[in-house]
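What follows is subunit A paired twice: with subunit B in the first complex and subunit C in the second.
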Partner chain A sequence: MSKTVITSSGNTLTSKFDKRFGRAEFFCLLDEATGQTSFIANEFKDANHGAGTKAAEFMVEQQVNKIISGDFGPKAKELLEKFDVQMVILQEELTIQAIVDRISKK
Partner chain B sequence: MSYNIAIASGKGGTGKTTVSVSLFQTLRKELGGDVVLVDCDVEEPNDALFFANAKLLHNNEIKQRIPIIHTDKCTFCRKCVEYCEFNAVVVMPSVEFAEVNASLCHSCGACLVACQFDAITETEQLIGQVNHYDTGLIEGKLTVGSAMQTMLVKELKKHIPANKLLVLLDAPPGTSCQVVETVSDADYVILVTEPTPFGLHDLKLMVQLLREIGKPFGVVVNKSGLGNEEVYQFLDDDGIDLLGNIPINKLFASNYAKGDLLNNIPLEIASVVNQFTHKIMLNLGL
Partner chain C sequence: MARRISPRKVVAPPSFIGFKPYGVITENTDSVELLYEEYEALKLADYDIMNHQEASKLMGISRPTFARIYESARRKIALALVEAREIKTSYGNAWMEKNWFVCNDCLARFTIPKNITARTCPVCHSFNIALLNV
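Right, the complex of A and B next:
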């Protein structure tokens, strides 16, 4: 099973892709095998410190394999690398649906 | 009890160092060793550059306590994570991982209190040093790579001798925590600005900050003749004390660039410095 997270600005498939990782509004969890998606609010988005670290911690705990975001800060990157979470950087203006479609077409 | 005067600006490059060093030099003629200059711009202290013959008397290493989590004792209960206000503790039970991120840690010790399994101990990490010069200059210097500016400013202030009449605190630029820490126990703040839109914008931020924390202040306009008149209008409208107006002067600027700020001072500038020095002394009742 491959668990993918796409950072999202809202909690629906029509929401825009959020280019921030630690401070993304929502995380869209996508099961690449079944195409099923669910959305989780990012509880650390307004943290004064360490939002990226906390988001990375959450990803590892959720056993996420791949994250699609606009970029990753150095502290988050270090943690995600340590636990072999693949980081994919996208810089396009897209909806979550468009990204999901792109993955399923592969 | 010493009087503390902080020199701050908001915008960088307006002339905090020029004003601090000139003020210090002028006051030293009157007060001798009773005045100290403290360079609180710990990321890039430069006051010492203008005292070429200053000798370093001694220095203190400033260390930060960083907790270490021993995973052999850790039960991954995450209580320390809950206690940490700064999100510096990462504990992931599923992979038996527990670590403190030193660059987020503020050394508050809460995680040590949280841990009931003796899994956390502390180690020390150098964050900077405090240098004491024979000219009455004290400077804080942050270790490259450390992000603990505010902590270093706090420690730096503890090293200021208590028996001085006057302490001049040269603040870092901006309006962030390290600036707040620098001005927090000042009796008076001199704001240095330049008559440009950017200078005015950041001056307003600094004015807001000082009003919020209730500090009396006055403004020195540096590089007068540059930009526009808006800053004067602002000072007038807000009833802010204009302490002095340092004219823009190429010779003065090139002397500064050579580290020769205190020699061959143009007369028009020397008189402004004398003027605002006395004005500040009067304001403080000295």
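Right, the complex of A and C next:
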């Protein structure tokens, strides 16, 4: 039910967290209820312009509730805000696993 | 207890993570931490050429506080230039837009959209969160 996306630089749990949103290599989809993860390659990462906006639209289509990234551009921010998607900004160097662990630890 | 640092409004964060000198003769591995509010103060005063009174109003702080932040920014940049140090930006005591929160335990910053009622950190589930725009 609750879908979380973590921007990732690779498609495994040991990959590093990617601090970019629109130009992240991969998106890690995490189901917070079951703890299941899946990875989707970011097809907008090489877009000449509007990568953040396109990625944000994609997130809205996928009905994502929460996005964890290093930063969001102004356009992506505006769009995600409008569609009530929670944005989380982390500035630490972490692996995807470390973030998943942090979220699932109650 | 010391007085709380009032949050400084930052219109836009710096569009870079840091600056690095190149062609350095003696490598200095130390870096200088430039806070967002210092970047903003420098931008308002020296790029947008505003006087301190106007700029301080924009950042929601008093003029003397603005002057201190501005001075600190200048000194840090001078230090970085003279000692060929890397400049790294960090969040500092800034707040940017409405409805941004910060978790005091894991330092994550996040929004809480209307459809979420829980006032907890989305990462570590801590209740120790604070509004960035008080």
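Please note the rule applied: the second predicted complex is superposed on the first by the 106 of 106 C-alpha atoms of A that agree within 3 Å, B and C clash if a C-alpha of one lies under 4 Å from a C-alpha of the other, contacts with A are read in each partner's own complex, and residues count from 1 in each chain.
Criterion: a contact is a pair of C-beta atoms (placed from the backbone, for glycine too) under 8 Å apart; a residue touches a chain by one contact, two chains touch by 3 or more.
Computed from a predicted model, the values in this text were never measured in an experiment.
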{"item": "Superposed partners subunit B and subunit C on subunit A - clash or fit", "value": "fit"}
{"item": "First, second, both or neither for A:10, with subunit B first and subunit C second", "value": "neither"}
{"item": "Inter-chain angle, subunit B to subunit C through the CA centre of subunit A, in degrees rounded to a multiple of 10", "value": "60"}
{"item": "Touched partner set for A:44, first subunit B, second subunit C, both or neither", "value": "first"}
{"item": "Which of subunit B and subunit C A:86 touches, first, second, both or neither", "value": "second"}
{"item": "Of subunit C and subunit B, partner touching more subunit A residues", "value": "C"}
{"item": "First (subunit B), second (subunit C), both or neither touched by A:103", "value": "second"}
{"item": "Contacts of A:68 with subunit B and subunit C, given as first, second, both or neither", "value": "second"}
{"item": "Overlay on chain A, subunit C to subunit B nearest C-alpha distance, Å", "value": "10"}
{"item": "Subunit C contact footprint on subunit A (complex, rising order)", "value": "66, 68, 71, 74, 77, 81, 84-92, 99, 102-103, 105-106"}
{"item": "In the complex with subunit B, residue positions of subunit A that touch it", "value": "44, 47-51, 53-54, 56-57, 60-61, 63, 75, 79, 83"}
{"item": "Touching residues (chain side subunit C, partner subunit A) in the complex", "value": "12-13, 90-91, 97, 99, 106-116, 122-125"}
{"item": "Complex contact set, residues of subunit B against subunit A", "value": "85-88, 90-95, 97, 101, 103-104"}
